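Listed after this line are the structures, all set down as structure tokens.
The same chain A turns up in both complexes below, where it pairs with chain B and then with chain C.
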Partner chain A sequence: MPVSTLNGQPAWAHRTGKARLALWAGWLGLVALFVFCWEVMTENTIWDFVRDAPQQAADIGSRMVPPAWSYMDRLWWPLWDTLNIATLGTLMGIIIAIPVAFLAAQNTTPSYYIARPIALFIIVASRSINSLIWALLLVSIIGPGVMAGIVAIGLRSIGFVAKLLYEAIEEIEETQVEAVTATGASGAQVINYAIVPQILPAFAGISVFRWDINIRESTILGLVGAGGIGLQLQASLNVLAWSQVTMIFIVILATVVVSEWVSAKVRHAII
Partner chain B sequence: MLRIEGLSKTYRTGDKALTDVSFEVPAGQVVGLIGPSGAGKSTLIRCINRLVEPSAGAVHLRDLNVTGLSRSALRQARRRIGMIFQEYALVERLTVMENVLSGRLGYVPFWRSFLRRYPGEDVAKAFQLLERVGLTEHADKRADALSGGQRQRVGIARALEQDPELLLVDEPTASLDPKTSRQIMRLILEICQERNLPAIINIHDGIRAQSFTQRIIGLQAGVVVFDGPPAELDDKVLTRIYGEEDWTAMRRGASEDDEEDAREREERLAGLV
Partner chain C sequence: MTETAHPTKWKRPPILIRDARWRYAIYGGALVYMVLAIGSVEVNWIRVYEGLERGWRFIQGFLQPDFTTRWYDIRIGLIESLTMTVTSTVVGVLISVPIGIGAARNLAPPVVYLVCRAIIALSRALQEIIIAILLVAMFGFGPFAGFLTLSFATIGFLSKLLAEDIEDIDEAQAEAIRATGASWWQLINYAIQPQVMPRLIGLSLYRLDINFRESAVIGIVGAGGIGATLNTAIDRYEYDSAGAIILIIIVIVMAAEYSSSHVRKWVQ
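Right after this comes the complex of A and B.
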């Protein structure tokens, strides 16, 4: 108990003596664990390689500048592909995520014991697999190209959007639903009048946020052959054309900055 | 008009909210439903339009047994019962007009409500009601831009847009200041008189209820302990409903409020002349 008696006066401390001791022991254990893990981690490190890391970095760095500005001519098209993969993939994810979210939310699901677990499973399955892995699978199923990228981004987005959306649905104010129900509205009308207006700001925010993430994810999908600027990146890396790699980095950075700016603007406008 | 027989409600948690409640409301009567918090007032009026499913008993609206209805028939019954809520329960992000028109949801098909293409007479009625509650110039504003009193006026207009045969009113003034409360209460009563509309008004303040209803029903722990004209609501009955209180002092406070109310009205009239 933090409250005790000292010289006949009530005294208060944030933690008792025992709790303080336990806290110290906990921190000590954590430090010991860290030291142990460090030992295990560096067991296989070849320190000679680490020692000349600065020289290696400086060497690659010097080859990376100046960027191959002229290479830009060949980047416009892959960049366009990348934006398309992100946007169409997000769109696909959203379209599938909306019904899944309504099935998963406790207050809108038509059946608590059948539809809800299925919807939750779809969400978990989609979220647990990275879009790069989805892309690897899809490249071998539907072949390399932009299509595989779009579907990979879409599949990964379902879980993200559906999860955040169903949490938003569960947080709505029930009295508004009650009031619309009391007018004699049908189920679809209740969703349209009482639920949709309440989740619309969250929905817009989630969608734009996911689009923003997808722009970043779609830049690397090309590494496994799923189209976009990553394809170009891999080609340049393979031939050790470091100045081209720099150029691609600059393009990716600029794209991400622009997409963040756009999504911040859109979210600000809606909420 | 409305007949309730042996209504009981036991929640899944085992709490008994209502026990064997029976009464009748004739056409045009305004009933004040009083009782302390947790007496089952809200549950009772929600059992009438089955927002809460009663455990036992029957609710008859004219000759219609509301408790026995299927889903679609229940929707048709609900549109005949207007409801006004404690915290207004407007859809905050829709406009005032959309909120009022949502009173027609039980009458129009989904596509009309989805595209907001309501029949002309519905829109005309909505304008009329907004004028009646004094909000004509706010029709295009979003509901969350209004003050508490204005929101409750929208709530009233929404309930009337249904063309109800019965009004259920759940603590309409609980979240308003005293002056606005009196205005809202007066508005509800005037409207009931104009349309000869029966109403059940939940109100925890028994003494206030006494001054404006034609009949009082007192609930205590889910049981009806008083049912009669307001004049018979003496200190003994009040104590039975609420427990021991200094009722004389409470009455004095209420009558001071009424005097202030009367003064306000006179001032308003004087202003008009």
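Right after this comes the complex of A and C.
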């Protein structure tokens, strides 16, 4: 127990002297790192713009209200596109993620040293890159439009769904697999009758969860030209039509809240 | 004597949706939606076909990344992204600790609780990219707007999880400290802080990781960082430089994820 001396008497202390020193050194290092990063980051910052910011904020704020309610008439179609991007993208991601997950799970992978690392690399690569970056790439490759958005959302979803799904596969109860194997079932039959029923609830939960995230992400994909309501946002921003921007923000917020509600309901019903 | 009829055939029961009517309704609805949705997707197949050659060039660029030609730009973008990540995480954590304590039902009075929860809800509802658009309009282009965006996003994420963690603490320890006549600050310091500190460190590291990933994105709307460099590279159709940048992002994210999971294990 750490003990210090107080008025010649031994007294309890929270930490030993060495621990306290190490703690201070750690904090000092963190502060030094922060100050260093701050200096490097703000090297090229134009402070006049920063000082100007409250004024700018007030100016933009005054132009943002009231929202252009009538602009809603032109938002229904992009909203439908956004919904399609999220849903079809999720579907595409799931379809590719299922085999990847079975290849990556330790108990179902056909080869531990070849297939599993490849599957894990696919998962990591898909997860590290945000869907907006995928969209940026795809718009330049297959051209602007809803299709690029769907593929971008799909590519981003693979890693997420596959990671959670392969963790679920690794956690299944092996006795059921053994029981089905003991009846003389083939590999595909084992997957169908022993593994699928065990992971299906988790799978449905993951899919709905990802769909919810995808709705959120697909609202902004249009900023780089990949279709949906983000296209309108970009157009309104380009002409500085701030009241239309507010209207779009309201629609995006409402969509996100509704999708979150739907996904919570569905997941509650499944689990 | 009649024998009871044994079933000789087994029909697999449906797994997820038990009620047949619901099942058919949901399948039918999904089918109708799919037809409508796929029907409304307009694809310019000629453009896609023309794009295949570019896609191939991108894959080639990814396999043979070019780090050297644009290294100066990549270096600036990386430094901006990394410094932005560190500063915004530190500031975000510093602000989210008091808000997290305020949003914990067992510590804060109702008024403070509601205010803090409102701040959290606001920060979580808006996506980083939307905040970045607004902040770039107010503070001008560059990493400073990105720093503010990431700090704001960090607050919502960390405060919420910290508040939930504080609400889940072992109340017996808090009661024991209270019984010694400790003040509110002493209660926080000796009863709450030791219980939530490991998780707070873990969450901060996790957020550091997320902030780096996000810093690669908000550059697209002008908030500095590696995203701006990537955007430029793709706009110039320099797929080998773009491949290099994406590889760098993947490597840094992997390294951050790996090391943060190690530190988290060590802390807990």
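Note that the second predicted complex is superposed on the first by the 253 of 271 C-alpha atoms of A that agree within 3 Å, B and C clash if a C-alpha of one lies under 4 Å from a C-alpha of the other, contacts with A are read in each partner's own complex, and residues count from 1 in each chain.
We take it that a residue touches a chain if its C-beta (ideal position, glycine included) is under 8 Å from a C-beta of that chain, and two chains touch if they have at least 3 such contacts.
Owing to the predicted nature of the structure, the values given are computational and were not obtained by experimental measurement.
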{"item": "Room on chain A for both chain B and chain C (clash or fit)", "value": "clash"}
{"item": "Which of chain B and chain C A:197 touches, first, second, both or neither", "value": "both"}
{"item": "Chain B versus chain C as contact partner of A:84, first or second or both or neither", "value": "second"}
{"item": "Touched partner set for A:175, first chain B, second chain C, both or neither", "value": "first"}
{"item": "First, second, both or neither for A:186, with chain B first and chain C second", "value": "first"}
{"item": "Residues of chain A touched, compared between chain B and chain C (which is higher)", "value": "C"}
{"item": "Of the stretches 41-49, 95-103 or 113-121 belonging to chain B, the one that collides with chain C", "value": "113-121"}
{"item": "Common interface positions of chain A, toward chain B and toward chain C", "value": "197, 200-201"}
{"item": "Partner chain B, residues of chain A touching it in the complex", "value": "175-176, 178-186, 188-189, 192-194, 197-198, 200-201"}
{"item": "Chain C residues within the chain A interface of the complex", "value": "15-16, 33, 37-38, 40-44, 47-48, 50-51, 54-55, 58, 79-80, 82-84, 86-87, 90, 125-127, 129-130, 133-134, 137-140, 142-144, 147, 213-214, 216-217, 220-221, 227, 230-231, 234-235, 237, 242, 246, 249-250, 253-254"}
{"item": "Touch list for chain B against partner chain A, complex", "value": "49, 51, 75-79, 81, 83, 85, 87, 89-94, 98, 102-107, 110, 113-114, 155, 158, 162"}
{"item": "In the complex with chain C, residue positions of chain A that touch it", "value": "30, 33-34, 37-38, 40-42, 44-46, 49-50, 53, 56-57, 60, 80-81, 83-84, 87-88, 124-125, 127-130, 132-133, 136-137, 140-143, 145-147, 150, 196-197, 200-201, 204, 216, 219-220, 223-224, 237, 249, 252-253, 256-257, 270"}
